[in-house]
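Working notes for the structure below.
Chain lettering (A, B, C, D, E and F) follows the sequence in which the chains are written, and residue indices restart at 1 in each chain.
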Amino acid sequence: MLLPRSAMAEVHQPPQIRVVMMPKDTNARGHIFGGVILSYLDLAAAEHAREIAPHEYVTKLLREVDFIAPVLVGDTVSYYTETVRLGKTSVTIRVRVEARRGRERQTIKVTEAEVVMVAVDEHGTPTAIVPR
Amino acid sequence: MLLPRSAMAEVHQPPQIRVVMMPKDTNARGHIFGGVILSYLDLAAAEHAREIAPHEYVTKLLREVDFIAPVLVGDTVSYYTETVRLGKTSVTIRVRVEARRGRERQTIKVTEAEVVMVAVDEHGTPTAIVPR
Amino acid sequence: MLLPRSAMAEVHQPPQIRVVMMPKDTNARGHIFGGVILSYLDLAAAEHAREIAPHEYVTKLLREVDFIAPVLVGDTVSYYTETVRLGKTSVTIRVRVEARRGRERQTIKVTEAEVVMVAVDEHGTPTAIVPR
Amino acid sequence: MLLPRSAMAEVHQPPQIRVVMMPKDTNARGHIFGGVILSYLDLAAAEHAREIAPHEYVTKLLREVDFIAPVLVGDTVSYYTETVRLGKTSVTIRVRVEARRGRERQTIKVTEAEVVMVAVDEHGTPTAIVPR
Amino acid sequence: MLLPRSAMAEVHQPPQIRVVMMPKDTNARGHIFGGVILSYLDLAAAEHAREIAPHEYVTKLLREVDFIAPVLVGDTVSYYTETVRLGKTSVTIRVRVEARRGRERQTIKVTEAEVVMVAVDEHGTPTAIVPR
Amino acid sequence: MLLPRSAMAEVHQPPQIRVVMMPKDTNARGHIFGGVILSYLDLAAAEHAREIAPHEYVTKLLREVDFIAPVLVGDTVSYYTETVRLGKTSVTIRVRVEARRGRERQTIKVTEAEVVMVAVDEHGTPTAIVPR
């Protein structure tokens, strides 16, 4: 079931993850460390998958994570998700990452990525996704 | 400007903060450590204040944080905020904390608290709040 | 059993918790993040409760945490506790937080709060407190 | 300058990063959190780039991170790197991630990814890579 | 100025550091990670040095850290310090580490070590210690 | 079995641990916190012991950790190990710590220490080391 991009919701849904960046999240350049962004991106995709169907999931693939702009201390970063493709045992999820910055709370696009999550049973074996 | 509780939005707005709880967030009992919840609660209130008016804020007071239910590893915890009272230099914010749990993603009310944030200038002196 | 404040020890007992603040504990303003202070405050109250009687405890309520002064990197922060009220299944504990700062080690009062801890059995059900 | 894969070193060079996984690195399933692996992968690629030429680098793209096997607490995880393509201002780096596990120290392939790092000057503008 | 051990205070002074151990502090064996204990031990020695004389200090030497008993999650660990030898630019400090454990709060000796701290000026050069 | 120092490998073996230092690893002086270095040093020694013989190990003793130079944010720190003495149930390991720094990747000796690791069985009792 491949969803054309135009058919996907443009509505601004609640983010799966939204967090405020702290000094402990910085790298040696003083920007937010990419690993921190990737960590939340992974969690956001898993959360999206759990909403689709009540399974356990493991991350199978991260595809084309394109870092567009750095994230700064004090930014509030939101992770929005949408289904790109729903397969038999896996779901491909697009995650858009946006930062709200400074006193004016301007919105900055940070990155966008596709994540493939696989539904697994209690032995870690892929299992058929049965949407709610 | 004191807002009667009935007048406050029942609409389910996007949360100010939403995060997934990890094993590193646990206490010795295996539940999520209260300090972790309080940390995000503080950040959510500050974020709400920044939406009201473009100032820097410091946390002045935490009032009656009532822990209703424990939070577990794997829970997704959302922090919803609303204005309780807008003063000259301070704003009182109610934060509701909810967890989504397990495969069925049931919603559990975790805690509710009031936080007083004070707008400050670059010297840390309280300054008049000028809403957007 | 409500203890009048004047009857409580003015003697400077050992702190329940004492820690040195590090850069990883800061917020976007460069001060120590309130969530860090609240985390240790919670642990100090639990420690006090365990000294009173050998039970497991959960945090029920944080009452009026009033932030008086910011805490800085390098400060050594002490959490002193005293019993305010000993109930059947709960104990109310006052926590005073003080920072020692700089080369002169001057003492700065940071915050004071009341925490209600509830004794629980292995099922998490409130249980009668039997003091040592 | 595109290097054919066969031409790349099969020699087991020192890893750019090698770390032991701890309980604080786990996710809700008890495996090592993917975000932790991605964080070190990013650092390993940056380290490789710095060895090629003395610039500052930012992560531009993560391409096809394929998670082959879970990582467990106590595993020692090594991040090996090699140059895939050296462009004018960017370098594409392949990172292989291997875990050594258990008393027998068996080697398990964890993931492999390509990372594009861009050399930047002090303003964050892409700058020509001048190899050592 | 070498102080004979017998002359040193047996009085139970307040600890320089006292903290509660959490799951995030564990190693792969489920005990508290030695690195966590060593981190607080270092901070306790620095704190002791600052009490003696108002300088900045760097850790020069850790001597014979003997791990006697493991530390467990939920233990409250106290770091007591005493001066062993006060030199011209350095001070040798003995740190005793004790854990309080379980409902009975029994005291367990964890480790003991000697740490040499050197007073430094703003350039990091050793400077004469002038006690308060 | 005491190995004379001259007999030990001068060959630059792969490090047991190699990591990049981040702002979250700093102390109040802005240098990398000694506790961070000690933590990785402990892990490197344990890793070395596991290579010698397939046992579980606990850290028994840290001997003479001499801090020669501070470590800075952005440094890549390598932990090299060698066997100093192999006893019946314990092994003494020398750990050399080196930092690679700045654009020129110069190598700086940070510290050197001896660590005694004891092989233990599932009850934590010392057990005879049987090398591979």
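FYI, a contact is a pair of C-beta atoms (placed from the backbone, for glycine too) under 8 Å apart; a residue touches a chain by one contact, two chains touch by 3 or more.
Predicted, not measured: the structure shown is a model, and the values here were computed from it.
Between subunit A and subunit E, the least number of touching-chain steps is 2. Looking at the partners of subunit C and subunit E together, the chains they share are B, F.
Across A-B and D-E, it is A-B that has more C-beta pairs touching. Comparing mean CA positions across the assembly, the chain most remote from subunit A is E. Taking each chain's centre as the mean of its CA atoms, F is the chain most distant from subunit B.
Computed centre separation for the pair subunit B/subunit F is 43 angstrom, with centres defined by C-alpha atoms. Look at where the CA atoms of subunit A average out and do the same for subunit C: the two points lie 37 Å apart. Our note on geometry: subunit B versus subunit C, Cα centroid distance of 21 Å, whole angstroms. The multi-chain contact residues of subunit B, meaning those touching 2 or more other chains, are 20, 23-24, 33, 43, 56.
If touching chains are joined by edges, the resulting network of the protein chains shown has some other shape, matching none of path, cycle, star or complete graph.
Chains touching one another form the pairs A-B, A-C, A-D, A-F, B-C, B-D, B-E, C-E, C-F, D-E, D-F, E-F. Partner subunit C is touched in their complex by these residues of subunit B: 29, 33-36, 38-40, 42-43, 56, 58-67, 70, 113, 124. Across the interface of their complex, subunit B is touched by residues 20-24, 73-74 of subunit E. Contact residues of subunit A toward subunit B in the complex are 14-20, 43, 46-47, 50-51, 54-56, 76, 103-105. Only residues 23-28, 30, 33 of subunit C touch subunit A when the two sit together in their complex.
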